[in-house]
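Going in written order, the chains are labelled A, B, C and D, and every chain counts its residues from 1.
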Amino acid sequence: MVQTAESVKLDIDHIKEMATQIRRDVIRMIAGVGSGHPGGALGAAEIFALLYGGVLRVDPRKLKDPHRDRFVLSNGHICAAFYSALSLKGFLPREELNTFRRINSRLQGHPARVKLPDLVETSSGPLGQGFSVANGIALALKLDGSRGRVYSLVGDGEIQEGQVWEALMTAAQHRLGNLTLIVSYNGLQIDGEVRKIKNLMPLKAKFESFGWECVETDGHDVVALYQALTEPAGGNPMSTDKPRAILAHTVMGKGVPFMENKAVWHGTCPTPAQAEEALLAIGKAKGFEDYPALSNPDLSTRKGGKR
Amino acid sequence: MIFEKPAPIRDGFGNALLELGEKDPRVVVLTADLSEAIRVHWFAEKFPHRFFQMGIAESDMVGTAAGLAVAGKIPFVTTFAAFATSLANTPVRVSVAYNQANVKIATSHGGVCVGGDGATHQSIEDIALMRVLPGMTIVVPCDANEAYRATLAAAEYEGPLYLRLGRIATPILTKAHTPFKIGKAQVLAQGNDLAIIACGAMVGFALEAAQLLDKKGLRVRVINMHTVKPLDHSAVLKAAQECGALVTMEEHSIIGGLGSAVTELVAEKYPVPVERVGIRDVFGESGEPHEILEKYGLTTKDLVKACKRALKRKEPK
Amino acid sequence: MVQTAESVKLDIDHIKEMATQIRRDVIRMIAGVGSGHPGGALGAAEIFALLYGGVLRVDPRKLKDPHRDRFVLSNGHICAAFYSALSLKGFLPREELNTFRRINSRLQGHPARVKLPDLVETSSGPLGQGFSVANGIALALKLDGSRGRVYSLVGDGEIQEGQVWEALMTAAQHRLGNLTLIVSYNGLQIDGEVRKIKNLMPLKAKFESFGWECVETDGHDVVALYQALTEPAGGNPMSTDKPRAILAHTVMGKGVPFMENKAVWHGTCPTPAQAEEALLAIGKAKGFEDYPALSNPDLSTRKGGKR
Amino acid sequence: MIFEKPAPIRDGFGNALLELGEKDPRVVVLTADLSEAIRVHWFAEKFPHRFFQMGIAESDMVGTAAGLAVAGKIPFVTTFAAFATSLANTPVRVSVAYNQANVKIATSHGGVCVGGDGATHQSIEDIALMRVLPGMTIVVPCDANEAYRATLAAAEYEGPLYLRLGRIATPILTKAHTPFKIGKAQVLAQGNDLAIIACGAMVGFALEAAQLLDKKGLRVRVINMHTVKPLDHSAVLKAAQECGALVTMEEHSIIGGLGSAVTELVAEKYPVPVERVGIRDVFGESGEPHEILEKYGLTTKDLVKACKRALKRKEPK
């Protein structure tokens, strides 16, 4: 079946532009404060655009709706993209992105539930933690008969944590058919290539041997990704008791040529000149606008570099 | 539920869970392949779909509990003390404490009375590991009755809470109607010559020691410090002021636990001599509980000796 | 190929009798002290008999030989069988088995390296710990060019621990071809059936997807088990850079009919009468003798039961 | 290797490893996907087959290190403080401490100077978590020079050792030839009016505070307590006796760390007023290191205030 915009009932262009805006925001947030993790965040722009632009049934005015969908970011370091998506869909004021990683901010360097209780379901940062929490939420939703679905995002390097494998078994055992796990499968982590550090391949075989339904897709092709997120694999009805994993092939630093596929950009902040260049490469997003600059730009003192 | 004869502290917990199961549909229970050891098998039988068997995966269990709490449940996660507080330390820190998630962590096998299983299964660090976490409440009941009431109080309390439940049968020291308030210590024996501050199964030894010293004309105050965090500052400082010297006793390392909490407080507010009775910074071993307590200096006799040392160190009034 | 005693160059009868003696010892040790874990220990009798009766190249007089093989017991609770095997092969005095789980003993309820430094490579008890240590030893042996091989034993319930999956990845990544992991695959753990608690099946597929060579065998058939422990799978030369897993199907409580396949015997001590019955069922071991009874039997006070 | 200008404490570590790599073939290094952050990338480049990249699996890394130690190597395991001491707590407890395995656990990101990464990455509990483990030695160097010497000393020392290395650049306070002995504190400034006992990056603040107080005619002793465990009892007790009041300062929770160790000791041996400066039992947050130190009360000004409180509480001599 040919995948077209119509067949997925989604404003494809809107999602693409939203991803572009997320990328712009990510670069500006990180360059603005002088530290952060651009690589994974840029790579997950389409994932966040789709989640908040069409997949998640959430409404900023109904954050207590028991039937709302939930999102759990397990690889918390890429939260710049998460905050950006929230701000683009009315969950956060756009200007607040200026406070990212600064003192007294709600936008902590890694998402903090106590700072944003209804938006951040669980604090993350230490890898491997969030996915278990997502399982717990899914269990509770099942108990309560909620129609809500839980989506959780993990990094591929993150999967090296043993707790992820515990959580994979838990979801299968407790038949968490209301859970979708997305893997940002970019093949890189801080010290280099995942396969040279601690190989995960064949990842799909691993997931399947753990009792999961698993689809592999291009993490930047919004049509394919949308189908993976919403439609059954191979034409079968969406399984109701198997948890579902999406291996979303992404590119670290996607959209910024000098960052693409380079592990060094996992956690390096671009210099002001590099940030300029990056924004130029990303381009403008139709239908979206940059968040307003900081009124007191002196607050931004750092020059970029590694942590 | 009232215990009259010596009973395992964990039995009070298991019974309270049954009552909570009836009373509050939000209460759910998780265990990591140790349902009987921590007495949640009764709950499991009665409320099977609110009971989650998580297998031997304590970190994931704690994270899952945090998720259940985030979604409005009141989860009790249960396993041995070492596995909840050490093995699952990061989930407790991040997903429970930092999240301020309403999770109750209930454990058996804190201390050395574990017996034959030996050092790896004897958590002499759990209180220290939990105490350093911001926002963590720590309750260590001294008998099965108190465990029962503490469990009910834990469910009512909103926030992360660690409940340490002894394994072996201990004498009943509190009545079913003894008021139990988290954070409010109980004075079980009056006296102004010295104060013993104890928690858990050691409270019984404290009462015994006070009786022995009473025969020598010494009036020793016995404080049941069932809540190690937040520490009842006023009870400790009052004892320091009125008695002039303190002895702490706990089935835990002398580092980081109740003894440490007491010395921190008096050093900052009212310095007096403090003797700490506990495991003296060594790992435990296999043996019968009474043999271990003896070998590691956790008997009434050891406590009396510590009291005498403390009395000697008191400033003449 | 027909498997015969000759083809595996092993005194099959000796191994079988040794396993019988291990079972006798396990029952007497646990009943003697009044607590312990008989189920898994009985089920691993053939594994220990083979390891110490023929597979491990270790010599009680040469415990510092850099080329000796190493054994790491990860599921420490079944150590009664381990101590028994050590005592039967001259590594421990037979009488010392009387001190098991008692105060001041070297034979702790879970193996303690500080008490038996040259026999217990690492303390275990908390599940999931030992296997990582075995990897570390294997890494060191490779660095040193040792001819020694590392064998490690885990329980199936133990595999639910995430650290086991981390260790599986480590062994594959670091090409620990000098490592053999044996799984005592009895399908039971404390609270019941592994598959109902946290299913591991298909375990072989999981191991293979983690880059391991994996063979499945009957854990009580000493010929098959010996071949699995010593010979290549499917006639290929023993792989030099793939770690090797042996899924040894065992029966909890094996050899004692009333204990067989009952999870309750994981950690329940038999009463004196049950111990009698168990010893009768196990029978006498030709060529071996029971360790002498405790000179002061009053030291044994307990009556059996659960912990 | 000698540092003269302010340098990250971890740089002293990274350089010492290079020297150790040459000197002792038993030295091996492990990391969990953080080789540059903890400065082991230099060692990795020079000694690739004695460097083990373990991926993001800290528990397994610590266990593997224990195995390497059991087999005769001297492994340094490296990652952030929270991941070694909290996430891998059980392997550290069982496979390192209880085994008495010769493993060196070296971490960066202890304390709040982590900056923008926020609370989850700021370990304010690591010293407490390690201190409660029997047989664990804890070293917290105050500058890059001391880190260098401490690393060499750690390799020579036989047994489990925790080395906490600051992340940000700190002034150089010790000379390359300042004697470094594990367990032996250094008095960096003399005085009998009060003693400040500090460790790590806080030692510089202690010297500044002493200078400020000196201007008011107060002679404040400054003790660099680079070894938190075993604590140098004689240095602390001498200070208590000669100065009559103590102030502790650490980039760590006031619970369970250096402050706690000092109050435990004086309560048992020589009770005097103690003020503890540290994180006051709350989680940290994102921000520039200096902003965080300010917000959480870890500046020279805060220390001076604590000194004044302590002086007020001193018994008239």
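Methods note: a residue touches a chain if its C-beta (ideal position, glycine included) is under 8 Å from a C-beta of that chain, and two chains touch if they have at least 3 such contacts.
Fair warning: this is a prediction, and the values are worked out from it, not measured in the lab.
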- prompt: Measuring centre to centre with C-alpha atoms, which chain is farthest from subunit C?
  reply: A
Field: Between subunit D and subunit A, distance of the C-alpha-averaged centres to the nearest whole Å
entry: 36
Task: Provide the C-alpha centroid distance between subunit A and subunit C, rounded to the nearest whole angstrom.
output: 44
Approximate Å spacing (C-alpha centroids) for the pair subunit A, subunit B: 41
Message: I need the residues of subunit C touching at least two other chains; which ones are they?
response: 112, 123-126, 128, 160-163, 166, 169-170, 173, 197-198
Query: Of all the residues in subunit D, which ones touch at least 2 other chains?
result: 54-55, 57, 59-60, 82-83, 87, 90, 94, 98, 119-120
Query: Can the chain contact pattern be summarised as a line, a ring, a star, a complete graph, or none of these (other)?
result: complete
Query: Can you list the residues on subunit B that touch subunit C in the complex?
result: 31, 33-37, 53-57, 59-60, 82-83, 87, 115-121, 285-288, 291-292, 295
Message: Give the list of subunit A residues in touch with subunit D in this complex.
response: 33, 35-36, 76, 101-105, 108-110, 112, 123-128, 157-158, 160-162, 189-191, 196-198, 301, 306-307
Query: Once bound in the complex, which stretches of subunit D touch subunit C?
result: 28, 49-50, 52, 54-55, 57, 59-60, 62-73, 75, 90-91, 94-95, 98-101
Complex contacts: residues of subunit B adjacent to subunit D: 82-83, 86-87, 89-90, 93-94, 97-98, 119-120, 124-125, 128-129, 131-134, 253-256, 259-264, 266-268, 271-276, 281-283
Subunit C residues within the subunit A interface of the complex: 128, 160-166, 169-170, 172-173, 197-200, 202, 205-206, 209-211
